[in-house]
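Please find one structure pasted underneath; my questions will follow.
Letters A, B and C mark the chains in the order given here, with residues in each chain numbered from 1 onward.
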Amino acid sequence: MSTGILPPISARRRRTDRLMSGLFYAATGIALVPLLLIIGYLIKEGASQFSAAFFTTDPTGNFAGDIGGIRSAVLGTIEMVAIATLISVPIGIAVAIWLVEYGKRSKPAAIIRYLIDVMTGVPSVVFGLFIYVSLVETGIGGSGFAAWKGSVAISLLMLPIVARSSEVVLELVPNGLRESALALGAPRWRVIATVVLPTALPGLITGSLLAVARGAGETAPLLFTVQAAMGINFNLSERMNSLPLEIFNDVQSSNPAVVTRAWGAALTLVLLVLAITLLARIVAGRSRLKP
Amino acid sequence: MSDPKPLQDNPMTQDPDPLEPHTGESAAEDFASSEVPELVANDSEQAMPAGRRSHTITTQGLDAYYGDNHAVRNVTIEYAPNSVTSMIGPSGCGKSTVLRCLNRMHEEIPGAYATGDIRLDGMNLYAPDVDVVAVRRAIGMVFQKPNPFPTMSIADNVAAGLKLAGIRGADKDETVERSLIAAGLWDEVKDRLSHPGIGLSGGQQQRLCIARTIATQPNVILMDEPCSALDPIATLKIEDLIHELKRDYTIIIVTHNMQQAARVADLTSFFLQGELVEIGGTDQIFTNPTDSRTEDYISGKFG
Amino acid sequence: MTVEAGSVGERSMLERSPMARLPDRALRWILTALSFGILLLLVYFFGKLSLESVDVFQHQGILSFVFSNDWNPSKSQFGGLALLFGSVATALIALVIGVPIAVATAVFIVELCPSRLRSPLTILVELLAAVPSVVYGLWGVFFLIPRLRPFEQWAADTFSFLPWVGGPVAGPSYFIAGLILAIMIIPVVSAISREVISTVPTDHKEAALALGATRWEMIRTAILPYSRSGISGAAMLGLGRALGETIAVTLVIGNAAVIGHQIFDQGYSLAAVIANEFGEASAVPLYSSALFACGLLLFIVTLVVNGLARYIVSLGDIERRVERARRSERKSAAAPGGAA
């Protein structure tokens, strides 16, 4: 086709272009393979477990015979993550508000930002250890292992995620809105409460949900703070079952039925987390703030 | 239409320590001696059919900085009540910065600060015991880009000023209607007050922002290039509105558009490189400026 | 409610009662206090871990804890080098595998893929982050290890001339752990890279295309140089994430406290040792102190990696570059006149 005025592109350049585009395609495919493999494998191994009894009975702890379902693990995870959310979301958003509305580009704000990044990178197992020495070993709250301590450990993980994502969203609120509210003679707290937060709300929800998804899947911090229990327990100051721990314990069993239960629990956990993540995406899609 | 009165005779200027009202090089004497707006002549707050008596703003030796950038230098100017004063000049001449100093929005920018003296009818806006929130309540501002609050309906946007300022007990519906009428928007939106404010056209949004500003009953309205994002027809409506509004408010408008300054302003001030070059009656500035730099700018030699 | 001009007394108009000012101050203080609570928390956190680690440091010295290779709790020998090595080795393997894929994915999503595929692909890649680490670990143990073994053995035999490759293939290994970590860091690295790449100004891209560049040449000349530091920062954050990952690594690294010579050997990592041995250790003060020291070491590594990541990203921060250029210009211009 390259006739006349249009100079032809050299074959070598065209080949390189094709090759590189092909590599980019391939890499994206490779990135998605594990996701499909994992989900496929989970469904293959775990879906057979799904039954009414699986979700309505507690693990019995018996090595053989009736090993029970995962009801207490599901409820425990929900309860502990809910408490962790109640702790981490308000604090995380408050810190984000401080960073965006007050700290801005000051030195102290830079330090807090750095610390939040560091906190995001702190291994969850180290948070678990930390809560173990400061809350469990000392027997604070009248007992050793307790669900609320697990919630605190999870909230330490969630806090930086909430703070960081909220900060990004609050930064996206157009400055003109703040200025026009201030110019109307509004005190800063009212500007924040009636203009900034409502405008940023979908984004704040998204960030919080992503943090919840991360918190729900964490195992390591629970190992040293809650430990597992069999039955349902709504008492926050005692041991409580949870999905990640149930999986972690079951998979080490030598009874194949118990190992299979781990797969059922894993599929449940993944579905739970995926649902939260997708919900976060949908909320984000409604946001009026586009970066 | 425009009849500035001699500032020296203004009975409302109860300045405890009267300012030297003009910069040395300004031709202020010319405008000061020009005409007198009748509606300001009676000074009492009772029955002023023509409008409400608004306040004078004066700056004395105003310097403004962004960090170590000295953006405004030693500006001394007086904005007369119930009149429109325009500020013109090339980009970066400091006119918007001066405007933002007047209601202390300048200091919202990290690292920005101002020194000097700004007075609203003699009351120093930068005195230590003055509350910046109260300053902004008394001096409203309309921004370059129309920015209604995206989460609120049309009515809520207008009432937002009341809510944000914590004014209670006001009749919300009545305020909304009165402000929208004053902003010339009532007929266009009265049937869809509960629709979102961001659904309006650009020009309507800007008038909504003006309605929002006057709902809080400020005394002075600052306008920062309010028409620069609007089409000519919307611009014309806003300019008509500005004419209406000066019955009740002191209006200060920054504009890039010299024709606009000529159309709406009673007084025009010209800024260059952070300094006030001159201020005078709009006709005089545009036909017979004192300073050669003004003349060069007006005639399009630069800027 | 109106402020009538004439009725305004001196000053009263510009003041508010202290009561009215209170909420503003209160909010400011509360928010500031909460923010600095994070500082206090991390200081306390650091102090507590240090305190708990003192025992083992006194027992054999900090240097010996970090740099000697003899993790033998039953003989009270706590040399953590093999653990540190395992953490670093698996994280590096993860970077080598994960970062190119993640960056290529980001480029593909931003520049090459049809626009209607963009958001589904984004969501799919990010769903990788939604899979809990224990599930990754399980999948590694039951799926990846048995299926990859023949390939690993083949690779070990064929490429034995390469350093760190060869020998008999153990089931769990550095390689498997690194591979799983690579999958786990892909969403993080890819998300940040995508953000960085989408901030490349259209002008730059169009300038390259208008000069007759092919799409790949445009990517190479306009996009990658512009976003290099952002991508490096993303990789560092991925590194931090990989270093600290616990459960997945515990399940697939083999938990042998030795320094392996091949990537297909078994090993151990700092995080894994804590998760694995804490149960037995809690009864032995010195042992548990050693595990706290592992946690402390891990925290310090995280701190350094994050600091490094921030620094690298800041080098490429356009705003800062512009700011720097401006400042030097202002200095050279100096003198009067320059108002904004």
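Keep this in mind: contacts are C-beta pairs under 8 Å (C-beta built on N, C-alpha and C of every residue); 3 or more make two chains touch, one makes a residue touch a chain.
In this text the structure is predicted, and so the values were computed from the model without any measurement.
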So which chains are sitting against subunit A and subunit B at once? C
Farthest chain relative to subunit A (centres taken as mean CA coordinates): B
Just the chain pair, please, that has the highest number of C-beta contacts. A-C
Let me have the rounded angstrom distance from the C-alpha centre of subunit A over to the C-alpha centre of subunit B, please. 49
Taking the mean of the C-alpha atoms as each chain's centre, how many Å separate subunit A from subunit C? 15
Express in whole angstrom the distance between the two chain centres, defined as the mean CA positions of subunit B and subunit C. 51
Multi-chain contacts in subunit B: which residues touch at least two other chains? 133-135, 137-138, 166, 218
Contacts with 2+ other chains: residues of subunit A: 187
For subunit C, residue numbers touching 2 or more other chains are 20-21, 24
In the complex, the residues of subunit C that touch subunit B are 1-8, 10-11, 13-16, 20-21, 24, 330, 337-340
Enumerate the contact residues on subunit C facing subunit A in the complex. 20-21, 23-24, 27-28, 30-32, 34-39, 41-42, 44-45, 48-49, 52, 100-102, 104-105, 107-109, 112-113, 121, 123-136, 138-139, 141-143, 183, 186, 190, 195, 212, 214-217, 219, 237, 240-241, 243-247, 251, 271, 274-275, 278, 291-292, 295, 298-299, 302-303, 305-307, 309-310
Subunit B residues within the subunit C interface of the complex: 12, 43-45, 52-55, 66, 68-73, 92-94, 97, 120-121, 123, 125, 127, 129-131, 133-135, 137-138, 162, 166-167, 169-170, 217-219, 273-275
Complex contacts: residues of subunit A adjacent to subunit C: 9, 13-14, 16-17, 20-21, 23-25, 27-28, 30-32, 34-35, 37-38, 41-42, 45, 91, 94-95, 97-99, 101-103, 108, 111-112, 114-126, 128-130, 132-134, 156, 159, 163, 187-189, 192, 213-214, 216-220, 223-224, 244, 247-248, 251, 262-263, 266, 269-270, 273-274, 276-278, 281, 291
Looking at the complex, which residues from subunit A come into contact with subunit B? 104-106, 174, 176-187, 190-191, 194-195, 198-199, 201, 288
